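In the two assemblies presented below, chain A is common to both, partnered first by chain B and then by chain C.
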Partner chain A sequence: TYYVFTFLVGYSAVALNHVIDFKEKKQEIIKPVSPSELFPSLPIVQGTSKRIKVLTRLTLVVSDPSHCNLLRSTSANIRLYDIIAVFPKTEKLFHIACTTLDVDLVCINVTEKLPFYFRRPPVNMAIDRGIYFELLYTPAIKDSTMRRYTISNAISLMQICKGKNIVISSAAERPLELRGPYDVANLGLLFGLSESEAKAAVSTNCRATMLHGETRKSACGVVYTVKKPRKVEEEETTLPACKKAKTEA
Partner chain B sequence: ARPAGRMARAEPPAAAFERRVLRSAAEHHYLRVRLELPDGGARPSVAQFKQLVVSALRELHGEVGAALPVDVLTYEEKTLSAILRVVSSGLVKLWSALTLLGFYQNRRCAFRVLQVKPCGAGWLPPNVSSRSKVVW
Partner chain C sequence: AALSCRYVLCEVVSEDPRCRQCIEDRAVGLAVRDAVGRVHGDYGLACCSISFTVKYLNAYTGTVLLRCRKDSYRLLCSALPFVRQLESRNQRYPCSLNTLHVGGTIRTCQKFLIQYNRRQLLMLLQNCTNEEERRCVQKSLLSCSLTEEQSQSGDEEDDDGPE
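Right after this comes the complex of A and B.
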């Protein structure tokens, strides 16, 4: 009944998250559970006649550069997930995730003080590549220390990225930890976003992440043709006009 | 001078409704909220409800937040729903404080903000107007 609750609160798409932490040994990426197996019939979104979309999502907690090899290798199971998120634990990994890794979301830690400062170059590169930064709000509901870390980490992120490419999501494990979309957009205002950016963080940016995941799943390579410029035949070397005048004179 | 052959223009039909736009910002904002307490324990009275709202503000925004003038206009103990009134400048603070509230007396709870309106009129029942008396 958990997902039924999300539709009561007002969402139209839900992603089920599967977290893989590489610190623990023997982590294998298993096939995602197909939503149709879990929920035989999905409820209809409030106000429309479409059904809720249930997506599958994989979060990789990386604390070592060797963990990223999994993403680079074309593992069959990884491709089955709709959205791939990476949770970098060090500054180097954050840089790698923003610039080279093929992911849709970069998770920002909200449960402890950031071990590194955000810098503009990787963040801007991530924005250009269409990668979104994700903030969680459920830890803020559970504990007051987490609340401080959430808000302070969010504010430092906002200073660098200026409110672009932000997604606010819940890591809710219980129906009671979910909040409605407008409530979450209001939290965005608290983090320092403008009104339109806060609303986009709950709606437009999430949809863009979904589409980014779809394009990542479908495109493997691009082939395009380029017209080769014709080789200009070399004419007799003629002196430029100014030099000509000097020699003549 | 108008040419003689031109017909007089027909008057447009009178409008069926009139639209008024008030430019001045509303003084108060009204929130219809519902507290969800899934465990079947004792329901808070209106005084405890108000205290819960103020403590949520204090937890998130400190003493300045707790001093925000919030009024409970209606309260239904059976459904735990209420209509709150707050000055418009404090709407974001109150709304975020209610959103991030997770516990009431160590019981898990959640505030659901159902409606937010800048004017006191036009509610679905139970009705409230801007001249309503404060309950608590």
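Right after this comes the complex of A and C.
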């Protein structure tokens, strides 16, 4: 409907999420729905002439270490998703997700009291690996108890990670649950982020997650080579200096 | 100025066209105050209430201009996403507020609104289905300008809008 698109007009990319919860009966990872089937025509991003990008995303809710085997196996269907997120339910799984699992996002529980405390070593390792922590804002809008959990969980994460590597996203199921980017950045202020961190949580961090997903999809990684002609000159000028030092010595 | 204010420009978004009936100062002011109270408690509500008023409303476009003190505009802005419905004359309709711009004077918000409306009209132009609509929209585009200024030359370019 048109009303959804008035918000989308403030965004340049959207991800469609497919959640897999292993607590239920045996789940299989199916191929992602192709966005072109769902949306015959996409609106244009405000201010540019490109169309909105629609990405596919998979969220795995893991409550047992055996659930992670799915990520390690070379299942063909997993590679088809643009972004992979994991929702760890225990402290051990949170540690595994931050340090070893090959994912782009780690979801932080916002609908109930955290069963464990965050510790600095796994969080810092996740930041070094380029993994982002995701906070949802739609539960906070719907219910006041959820709002309290969201804010306390977000602030306790903030104290450990110092506001870095945060992504704020909605889990909207209806168009009226969405909020524009300006408003979502303001929500970041409520979660203890500074103004620049809150803006980054809606813009640059999301883009970095997309790129992380792209590098994960393509073989082992991407190396971008950039031509740097000046480097040769630098080497030439340093060589004589070395020679000079030798002669002086 | 010692008593600076901030003007927050937002638009009401709703799926139900009848929600437009509820866009009036009292209903919008109450909804915003209620959201501030829910999120920031009594302290937040008290801070935001200083000099709080709904300055301008447009029920057709859903545009709302709010004013509050400069010291408490963050409290106000962070509570706007929590507005879920508008209620007036015992009718309530679900909606949400989308923040467009925060400015120090009414004039800056006015300038922003003109640019924003022009962009919206351009998008409408793209979705026009018949010639009659197209002419009406083009006429509106050509006439949008800040009063006391001459109409900008950018309007002529808009005429060659995408088909």
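Just so we're on the same page, the second predicted complex is superposed on the first by the 212 of 249 C-alpha atoms of A that agree within 3 Å, B and C clash if a C-alpha of one lies under 4 Å from a C-alpha of the other, contacts with A are read in each partner's own complex, and residues count from 1 in each chain.
In this text, a contact is a pair of C-beta atoms (placed from the backbone, for glycine too) under 8 Å apart; a residue touches a chain by one contact, two chains touch by 3 or more.
Everything quoted here is computed from the prediction, not taken from an experiment.
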*Give one of first, second, both or neither to describe whether A:19 is in contact with chain B, with chain C, with both, or with none.*
neither
*asked:* With both complexes superposed on chain A, which partner does A:190 reach: first (chain B), second (chain C), both or neither?
replied: both
*Taking the superposition as given, does A:80 touch the first partner, chain B, the second, chain C, both, or neither?*
neither
*asked:* Considering only the contact definition stated at the top, list the common interface residues of chain A for chain B and chain C.
replied: 9, 137, 140-141, 144, 147, 176-180, 182-184, 186-187, 189-190
*Using the touch rule from the top, collect the residues of chain B that touch chain A in their complex.*
36, 38, 59-60, 92, 95-96, 98-102, 108-110, 112-113, 116
*Can you name the residues of chain A that touch chain B in the complex?*
9, 137, 140-142, 144, 147, 174, 176-180, 182-184, 186-187, 189-190
*Can you list the chain A residues touching chain C in their complex?*
1, 3, 6-7, 9, 46, 137, 140-141, 144, 147, 175-180, 182-184, 186-187, 189-190
_Going by the contact rule set out above, which residues of chain C touch chain A in the complex?_
11, 13-15, 38-39, 74, 77-78, 80-82, 84, 94-100, 119, 123
